[in-house]
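Below is one structure, written out as structure tokens; comments come after it.
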Amino acid sequence: MFIVLKSNPDPARLASLKDWLASKDIEIHTSEGATTTVLGLVGDTSIIDIDLIAALDIVEDVKRIQEPFKNANRKFHPDDTVIKVGNTQIGGGNLTIMAGPCSVESEEQLVTIAKAVKASGATMLRGGAFKPRSSPYAFQGLGEEGLRLLSLAKKETGLPVVSEMMEASQLPLFDDVDVIQVGARNMQNFNLLSVLGNQDKPVMIKRGLSSTYEEWLMSAEYVMASGNKQVILCERGIRTFETYTRNTLDLGAVPVLKKLSHLPVIIDPSHASGKWDLVPSGALAAVAAGTDGLLIEVHNDPEKALCDGPQSLKMDTFDELAHKLLALHGFMQELEGGKK
Amino acid sequence: MFIVLKSNPDPARLASLKDWLASKDIEIHTSEGATTTVLGLVGDTSIIDIDLIAALDIVEDVKRIQEPFKNANRKFHPDDTVIKVGNTQIGGGNLTIMAGPCSVESEEQLVTIAKAVKASGATMLRGGAFKPRSSPYAFQGLGEEGLRLLSLAKKETGLPVVSEMMEASQLPLFDDVDVIQVGARNMQNFNLLSVLGNQDKPVMIKRGLSSTYEEWLMSAEYVMASGNKQVILCERGIRTFETYTRNTLDLGAVPVLKKLSHLPVIIDPSHASGKWDLVPSGALAAVAAGTDGLLIEVHNDPEKALCDGPQSLKMDTFDELAHKLLALHGFMQELEGGKK
Amino acid sequence: MFIVLKSNPDPARLASLKDWLASKDIEIHTSEGATTTVLGLVGDTSIIDIDLIAALDIVEDVKRIQEPFKNANRKFHPDDTVIKVGNTQIGGGNLTIMAGPCSVESEEQLVTIAKAVKASGATMLRGGAFKPRSSPYAFQGLGEEGLRLLSLAKKETGLPVVSEMMEASQLPLFDDVDVIQVGARNMQNFNLLSVLGNQDKPVMIKRGLSSTYEEWLMSAEYVMASGNKQVILCERGIRTFETYTRNTLDLGAVPVLKKLSHLPVIIDPSHASGKWDLVPSGALAAVAAGTDGLLIEVHNDPEKALCDGPQSLKMDTFDELAHKLLALHGFMQELEGGKK
Amino acid sequence: MFIVLKSNPDPARLASLKDWLASKDIEIHTSEGATTTVLGLVGDTSIIDIDLIAALDIVEDVKRIQEPFKNANRKFHPDDTVIKVGNTQIGGGNLTIMAGPCSVESEEQLVTIAKAVKASGATMLRGGAFKPRSSPYAFQGLGEEGLRLLSLAKKETGLPVVSEMMEASQLPLFDDVDVIQVGARNMQNFNLLSVLGNQDKPVMIKRGLSSTYEEWLMSAEYVMASGNKQVILCERGIRTFETYTRNTLDLGAVPVLKKLSHLPVIIDPSHASGKWDLVPSGALAAVAAGTDGLLIEVHNDPEKALCDGPQSLKMDTFDELAHKLLALHGFMQELEGGKK
């Protein structure tokens, strides 16, 4: 960490800052330039509150060198984290395909889709029981009944289940869920994160719409600091000025997070674009970029849902895509020399 | 709402869509162009799920005309909402100054600041008991003890209190708090919003870091749809590409929200910039823009907190600013012909 | 195009608006709702100035349905544009690899790199002679001398050359350049675009840092409307809130532009991240996403440039990457059933 | 400037980097921590190319402390720049109101508006002769004829004129223009900036849609480094995720630029919102924030332009606003103790 001082800092205040830093076992290297003096801090600066320093009268700027996350940091945990879920594992060279409907709607819908996606190569079943909706007038999910149906579909297919929890009080209902998802809008719901750190199911944290990599990793850190080291990161598109797509999928997240952290990285190309015809391109690109898995919405027929019309081809489209994804994953592994 | 159809839509699917819309009492006006056909929907389209329509195979695009919020909509509630809090009121031409420390730290700190800001003209006391922090290693607030101290400072000064609630389960602790704040990171914590809609204290909703005006008003709608009409909106800076300031204060929020909604609008210039020397300019501009109030952090001496140094002038700075703000507010009222 | 009227519009003004639209051969479909009246315009609305309509007193909002671009629009030109450059072609299932140094520095540097990238599989040579630099104190490129060296390297290797033009007056100097690049900062330099539309070399337009797909396509339209149909689009990262990478590479641009337009799309993963170790992941992902080519900076040894140190491995790294990219491209073509 | 080294840097490369820095008269302070070594550079680091350093194999990160701009930097030029234009001056406590039509359309239109805005209190006339339009099919301005009409209106009213130049080659036509405007889309057209630095008319640089304060000041630096010190900065709204307004007006630019630089700052509330009813709030807020002036579009009747309808009240609206702005400016000067 570096502290850039204002010119001519009050000597008494500077002295007390230095004493305080020393009391935290931080070593100080001072560089005096013509116009600026800079204190270089050496030691465990992750315990220093950067905003507190920045608020001091004698300080012009503070810049962090060391990352503020530890448990999630590859520097301290060089080996990839691999997470076992049911008969499958996330990370470690696997391509995990989590597929299923956006919302759980009925037993028939869910079991049909679950069987279909399993046959296509999916290794986990996704499905929303509690749905965060920006309008209070929109369908909020089946809730507890949705979780019961997921449990049933899991029994039928053997697929482990991932589903979103919106509030800490829902934890007892998630007994039969294998991976608990934290939604983008809850990425900085710190109470929820802490509660999830105190139980032992794997937690998949979606990136907030405008959250930086560092903030995202700090949310993982919340879970991990409470004891649960099984954290998965899921990129689902960020908010930018572009309005043609709902969000902008940031595939740079894959190599960046792999460099900064040892946690598995999943890509959700469905939420990112908000347009079905853009999903295949994004999913294939994610595999080439080195993702550990994909979270894909398999639409049960929206026509049917609305108007009882003819069955759509959506599951066929997924089937075709899944085969391509698995083939590409195999090819990439060869290309990268079996490294991954 | 307009539905732009793909060219040559499947007639059976189009028919079932039209039937479904008719079943919702929506009238359909069809415009057929050379390359596109568009359905204009007339009726209460706020009940239509726009994402569901957009997912249909025959649909190219959907555009909303009518705002999806009702309770918060000025069109249906032309008069300004005025909220009574203790002896003061928010809205209705008043300039509410909410001032106090970022975090409640001790009785002495809080009472000292509370007395000072009251003397300077503040009409409400702000102070954080539960603090959302992006790092699990940073100070998380005094919690319940912080609320006890706020209650005490309220008794000493008579100032009504605003403080942030982070989770629905904390509600019983907020008995003596006058306005419950929903933080920017919780703006779309829909469970929290619903719970706050089912109690009767006023709720101040901070805008999410990258939330649109519409999403923000929809969060107000969550509270209002549950029964509680006393909602205050607080702009605190949005996330942009600019890194010199922590966030970018969007003062355009004032006229826009006043136009779209009847709810009071408060500006928080402290969080927006993250730099103390930029607060006065932002606060004065907010008053000229027509804000109903300001939320200002009055630092107790950060030097002291850290290093036991000499007392800072921060309360003096606030005092000078508060006088200017009140004078400017008076001037603006004259200028606008007493309209406001 | 839809015009949403304010409630109770002045009848005389509405009538004159309708007359004006009729005079432009626009047919009007009126939908009257309980709270809003909407005019649906049918005809060639690309000639209507949307801002002009929006400024009318009686108008609340205007929404465009039809895209404002024509020459660049796939709807009117269903076949992919394929651009012949020297012995190679851009588009049409090819993977064009444009490689070379950021700036041309010397004959030795350029020729060494040109030979190396050709051997690795590059089909075009890139190199900056005129360099847009945000600081007036930074190196601005060799200018005319740089173009002379590019011409020389082209003669030595047979690789066609792409280089950036910063101002219309430089055109005569670009005689021996095969593709003229318009930089991101000049994407809306409309004078430059018009001049390039009046000559016949292919033009590669980089996306502006915060330009939407539509604005980008409108810049292509500027060139095409002046007569030159040989336009290439190059995504190079957009500006977002994320600061870890210099920009955020938007690979969604590939499927979106392929859908909206028939022009070839190139990805520049080097500028996007600003970090060398993120380039391979981005380049591979771009190929899987379906890009027509890549623009990659091959660093001549920065160590050497600065300090005359030992030769770097940068060209080796490129060589390894180029082989992977070509292999992946071949695999993707098989996977997509030779469609592309 | 700080250079954060990768762990275990190659000693030969580190030595050559240090030698190179020493050759530039940069002093190096080394801080060695447990996991990182950092070089603190002291001296004139504005000549160091930060991207070049960042590209070195042994370097993990580079952070700048010193601002890269000098001529525009308040640290080196503590006094406010005041620019004399005709009988008025920009800066120095004045409130400059630049008003006029977006585009010059006819002699009658321009002279009518010019007389009206002068009567209302405007001190400069604005008007576009060359119009940058995102569509090649939209009206591009009257060009040279527009400049002739501006000259005529200037003669009639005595108001100095500000107008936008889009290309260096247009300079000879701007003989009778008093302040040359560089548009947002040309903010980083470095050739144009250099040419404007080599002539002696004041230059007003609009902020690019997604340009940081630093990039903006570096564009001012381009003009100033070439010799012309008369630069004015104009904020006109930045691009964010919000779509309700065309852009987001960043009034924080006023105090930030006043702190970092000595140049006058103008606010353009018209382009920012793109909605006429939001202009007054933005303009008043800008005055309270401490702006040196405003650039306001006074619409000649858009109804008339289009449909020959009844004359709009737009000039009346401006008249009312201008009086408020001037009254508020007077009040603010008293409030700030005549300081400004």
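Order of writing sets the labels: A, B, C and D. Residues in every chain begin at 1.
The rule we apply is simple: a residue touches a chain if its C-beta (ideal position, glycine included) is under 8 Å from a C-beta of that chain, and two chains touch if they have at least 3 such contacts.
Predicted model only: the values in this text are computed from it and were never measured.
A.B. asks: Select, from A-D and A-B, the pair of chains that is joined by more C-beta pairs in contact.
C.D. replies: Result of the comparison of A-D and A-B: A-B.
A.B. asks: Measuring from the mean C-alpha position of subunit B to the mean C-alpha position of subunit D, what distance in angstrom results?
C.D. replies: 31
A.B. asks: Distance-wise, how many Å sit between the C-alpha centres of subunit A and subunit D, to the nearest whole number?
C.D. replies: The answer is 39 Å.
A.B. asks: How big is the gap, in whole Å, between where the Cα atoms of subunit A centre and where those of subunit B centre?
C.D. replies: Spacing between the chain centres: roughly 27 Å.
A.B. asks: Where in subunit C do residues touch two or more of the other chains?
C.D. replies: If we look for residues of subunit C contacting two or more partner chains, we find 210, 239-241, 243.
A.B. asks: Taking the touch definition from the header, please name the shape of the chain graph: line, ring, star, complete or other.
C.D. replies: complete
A.B. asks: Per the contact definition, I'd like the list of subunit A residues that touch subunit D in the complex.
C.D. replies: Per the stated touch rule, the residues are 2, 4, 27, 29, 31-36, 38, 40, 42-43, 61, 63, 65-66, 75, 210, 239-241, 243.
A.B. asks: For the complex, which residues does subunit D have touching subunit B?
C.D. replies: Touch residues, subunit D against subunit B: 210, 212-214, 238, 240-245, 248-252, 254-256, 259, 272-273, 277-278, 281-282, 284-290, 324, 327-328, 331-332, 335.
A.B. asks: Could you list, by residue number, the parts of subunit B that touch subunit A in their complex?
C.D. replies: Subunit B reaches subunit A through residues 12-13, 16-17, 19-20, 46-47, 49, 51-52, 54-57, 68, 132-140, 166-169, 185-186, 188-192, 194, 209-210, 215, 218-219, 221-222, 225-226, 239, 274, 276, 299, 302-303, 305-310, 312.
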